[in-house]
Amino acid sequence: MRKTGKRIKTVAKRQRGAAKRSGPAAPDQDEVMALKLRPAKLSPAMAELFRQSEETLGFVPNVLKAFAFDMAKLEAFVAYRNGLMLGPSGLSQLEREMVATVVSAQNHCFYCITVHGASVRKLSGDPVLGELMATNYRSARLTRRQRAMLDFALKLTVEPWAIEEPDRARLRTAGFSDRDIWDIAAVAGFYNMTNRLTSATDMRPNHPYHALAR
Amino acid sequence: MRKTGKRIKTVAKRQRGAAKRSGPAAPDQDEVMALKLRPAKLSPAMAELFRQSEETLGFVPNVLKAFAFDMAKLEAFVAYRNGLMLGPSGLSQLEREMVATVVSAQNHCFYCITVHGASVRKLSGDPVLGELMATNYRSARLTRRQRAMLDFALKLTVEPWAIEEPDRARLRTAGFSDRDIWDIAAVAGFYNMTNRLTSATDMRPNHPYHALAR
Amino acid sequence: MRKTGKRIKTVAKRQRGAAKRSGPAAPDQDEVMALKLRPAKLSPAMAELFRQSEETLGFVPNVLKAFAFDMAKLEAFVAYRNGLMLGPSGLSQLEREMVATVVSAQNHCFYCITVHGASVRKLSGDPVLGELMATNYRSARLTRRQRAMLDFALKLTVEPWAIEEPDRARLRTAGFSDRDIWDIAAVAGFYNMTNRLTSATDMRPNHPYHALAR
Amino acid sequence: MRKTGKRIKTVAKRQRGAAKRSGPAAPDQDEVMALKLRPAKLSPAMAELFRQSEETLGFVPNVLKAFAFDMAKLEAFVAYRNGLMLGPSGLSQLEREMVATVVSAQNHCFYCITVHGASVRKLSGDPVLGELMATNYRSARLTRRQRAMLDFALKLTVEPWAIEEPDRARLRTAGFSDRDIWDIAAVAGFYNMTNRLTSATDMRPNHPYHALAR
Amino acid sequence: MRKTGKRIKTVAKRQRGAAKRSGPAAPDQDEVMALKLRPAKLSPAMAELFRQSEETLGFVPNVLKAFAFDMAKLEAFVAYRNGLMLGPSGLSQLEREMVATVVSAQNHCFYCITVHGASVRKLSGDPVLGELMATNYRSARLTRRQRAMLDFALKLTVEPWAIEEPDRARLRTAGFSDRDIWDIAAVAGFYNMTNRLTSATDMRPNHPYHALAR
Amino acid sequence: MRKTGKRIKTVAKRQRGAAKRSGPAAPDQDEVMALKLRPAKLSPAMAELFRQSEETLGFVPNVLKAFAFDMAKLEAFVAYRNGLMLGPSGLSQLEREMVATVVSAQNHCFYCITVHGASVRKLSGDPVLGELMATNYRSARLTRRQRAMLDFALKLTVEPWAIEEPDRARLRTAGFSDRDIWDIAAVAGFYNMTNRLTSATDMRPNHPYHALAR
């Protein structure tokens, strides 16, 4: 259990091999995180995911490489995240990414602000909206619905112990169903988890995120 | 997506049916949370999990009932949590529950302090250790290893942005491998998620936890 | 003034002598606190108090043993505390113990959460109420009166400088008299004192408190 | 218990009667606090204390008038405070007043900063020292002993849960005995109590304190 | 003194007139801030400054337009800022902009993060460095000198009262002279001022900053 | 740039020479700050300012001596400050000094509390008002206008990112114009700057301030 492998950036190489990719050194070969964990052999499902990522994004997100030391953990993480962020919900994907970015900004998480700020820019087509979520969403010109959603997510991040019925009532007044409230809480909760996992391991965002959808 | 069902405590009834359980009203039929989400039909795997919970604990933990409005979400949550808390790790199950309780105490999460404080009592056979984790772990007589682990988990909870190489170095000095550091971060991160999900929904711990292993 | 005595746990022995108690080693012989202060000879009134404590509780609370290095200080402490917590008041003893526990939980004081959480359990006959006060009173189902009282006590603990007339007005609206407001403030203030005295000295709660009224 | 009397500033009149004082309206007849509590008849001991205060200071400190609705409470408060602040100790009276002022400044308590800042000016003969304690003791030129004492008192005020053996060890290194450590903690704890009692009741310092020992 | 003028975005029009500029509507005609202050006639020096800004940047920074209701205030602000940020110093312009961005990020100031993050990108030629300063400088790979400078600026922003000789000594050890320390403090202080002025008035950054030097 | 001169208290001597002043050692010869910066030759305007200060106050404020290592910086600072604090405004000079003192109290700045507390005492003729601003303005009996002004200044100091339209609206309701709001923000911002500059350099207030207008 405790043997440590070579620095996980070498994961990229093995994985590219598994995914039959070739070509010049790509930015994703950079440092992934501060922990040295030996990559496991990708399961067929995960090999396919990595291949698709290369195809769509041009790289495999470092959070996936970081988890790749254990296929069960990687698959569980991907399943949970995809259900949450891509599955059916009363919240649009953009709204979920806005929550993710605001939570990450509150937690000063370089990895997550970079990745989810880029998603907000891309999904909204509005580069400034991404920066507003990453710096101070109170300065954005938001709908009442968006503002209520982000205020709830921020309070849940900063003082979860103080959330009470009036906080949920404000969301209902803004038009959210109970299922939507679950989703806001679940997304805000999830990024409070990943912010901490990436901060604890000094995970580095892949370079291409920085220029994405500027 | 936005239709809300009857209060989710009715989940208990349906699920008991699915699980062929009979007998007098148990404490687990109490209120589950403040959101009203219509329970979905349990998948075979989840029906089996609920049945086993009834058998082992005498009840189904409310967090599982709360997630039962959507089988994909429930299964992904269970898979992620079980891999994290029950899977192979350089951290003992007790150590992982100590981290869970300390994080939950910092976040003043009634549900999670109750559940994980009970686990610490049970796994350690020491009721006072559970209370120490739930109030102030600094007052406990801990090994250097335990103390380093809990200090890291607390800092990661309170100011994740300030974790840096010296924090990881202190864990290595205390005997933790890089894989162990990942696990401490993953457990601390996970309960920063569930603390927020249970606080956001006012989730209630099943009554039997309170008396468990006192 | 600066001579230090043997570790104060030896106080228990001398005091039991003074109180003519005999029998096997009791849990109260454990460590009392981190400071070594030589116990003084118990005054007749204090000897009687210690004897009564043994009789009623089965032990002498460690806070009394800790103060026993100086009879004047011990007697003044006991007089002030008993007037406050046992004397006539518009607040019931349970309400006063609820305030004590909520303040102690905010200050993460292991000694005081243990002792006053036990008192809440005992006086209310409701073990869960004790745990709610010790973790997050906002999760409890309280009357408006109780809630107003605890909100005032918490704010007075966290930001005493921000208490103003509207805070007192809210208590009056909830049915409290000016004398009751004094008592809430006096109890909240007192535990802000004892929390700090017990934390500063690493005072340990007597073991029997943990199992009391579970 | 719940009958409220006339505003307690009338206490001054009755008490002056009891103390046989005469003369023009003095500043101490001003408002005492925001709660209206009917003054009780002064016990002989307290009548004597009030008389002495008039003689020595020219007024009765408002905190005593505020407590005068109940002789048992007033006497217990006076006994505890006098033992603490005037009784034998390894800490000089000035050192105890320095702790009182620093704690009160941290808690932004107008009553206590005024009263104890005046005491520091008077006992030290140094008006600037009083202001330094009332604004930021880190800007004062202190001995190592004084600095260690005030750092401990401040930490105990701000995060009592984080006091541990190294904090006590630093005091011992600076020359304090275990008994002295008790006294520092007891004084810091006491003003964390009175700061809250005076803030909760909007207690007003007697005017003469402001000009005292400038 | 209290007459308010038309919303200050009209300043742009008048000023463009003064500066003899023509052409299509530029982004600088957008909203400047939430206060409506009537623009004053530009003094010759300020008209020249505005003209140069248009020439160099393509727009007049909104902070200058905001101050343009009073020429004396605008000129004093410009003189102070230019001396600080462009004048001779042991700190490079990039270092001063790094301090400005880190302070602004701590204060979640949308205007200043946008403007100074852009300056860091431009002066360093490294877009990612700008984002690191704007999110969490601890994640950047900095020299010891840079790190010491930014740690000092951050502490001075968050808890100025706790800066003491060891903080200055750490800067000297990292190679900074006393004059450099003054400059770090002056820059960090200045942006603690402007962050508050722009937040208080909801000042909006000119759009072109967002894309600058990406 | 990096040569450091003799400790800046020697500035006083040179400057007195430049200002043709003679006589016994005055209190302004004391320590100015913790940085050693060689004083520059006073420009005629600054020599005149220093001379007037000596005449009016009996000393040159240490903040001016501290800046005197560079005439351009000193002149820009004086121009900005004088425009702000002495120039035309809908806020009286007393109101501006009240804001300055409340901000400085929040930042625990010994230099600025001393100087601006003295100004409040002098301008109001009410020594207690100065102490109230320096300890806790909530304890003062203020007009609605004053209270709204100070609440805004405090919030802008503590959490500038959270200022929004309702905060400005409250000021307008209390009778302030948009220009007045600018001035409140500008004064609060300015002292957030000088508090940090004086704390960073351990600047010492001239002794005469302490006794001024008591």
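Per-chain numbering from 1; labels A, B, C, D, E and F assigned in written order.
Here is the rule we use: a residue touches a chain if its C-beta (ideal position, glycine included) is under 8 Å from a C-beta of that chain, and two chains touch if they have at least 3 such contacts.
Bear in mind the structure is a predicted one, so any value in this text is a computation, not a measurement.
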| item | value |
| --- | --- |
| Set of chains adjacent to subunit A and to subunit D | B, C, E, F |
| Smallest number of contact steps required from subunit D to reach subunit F | 1 |
| Copies subunit D and subunit C - interface residue numbers shared by over half, same or different | same |
| Rotation angle (°) superposing Cα atoms of subunit B on subunit C, nearest 5 | 180 |
| Between the pairs C-F and E-F, the one where more C-beta pairs touch | E-F |
| Where subunit A and subunit F are represented by their mean Cα positions, the distance between them in whole Å | 46 |
| Intercentroid distance (Cα basis), subunit E paired with subunit C, Å | 53 |
| Subunit A and subunit B: spacing of chain centres that average the CA atoms, whole Å | 22 |
| Multi-chain contact sites of subunit B, meaning residues that touch two or more partners | 108-109, 136, 161, 164, 202 |
| Overall pattern in which the protein chains touch one another (line/ring/star/complete/other) | other |
| All touching chain pairs, where touch follows the definition stated at the start | A-B, A-C, A-E, A-F, B-C, B-D, B-E, C-D, C-F, D-E, D-F, E-F |
| Residues of subunit A defined as touching subunit B within the complex | 1-4, 34-37, 69, 72-73, 75-77, 79-80, 83-84, 87-90, 107-109, 152, 156-157, 160-161, 163-165, 168, 177-182, 184-186, 188-190, 192-197, 199-202 |
| In the complex, subunit B residues that touch subunit D | 136, 138 |
| Subunit E to subunit A touching residues, read off their complex | 105, 108-110, 113-114, 127-128, 131-132, 134-136, 139, 202, 207, 210-211, 214 |
| Interface residues, subunit E side, partner subunit D - complex | 161-162, 164 |
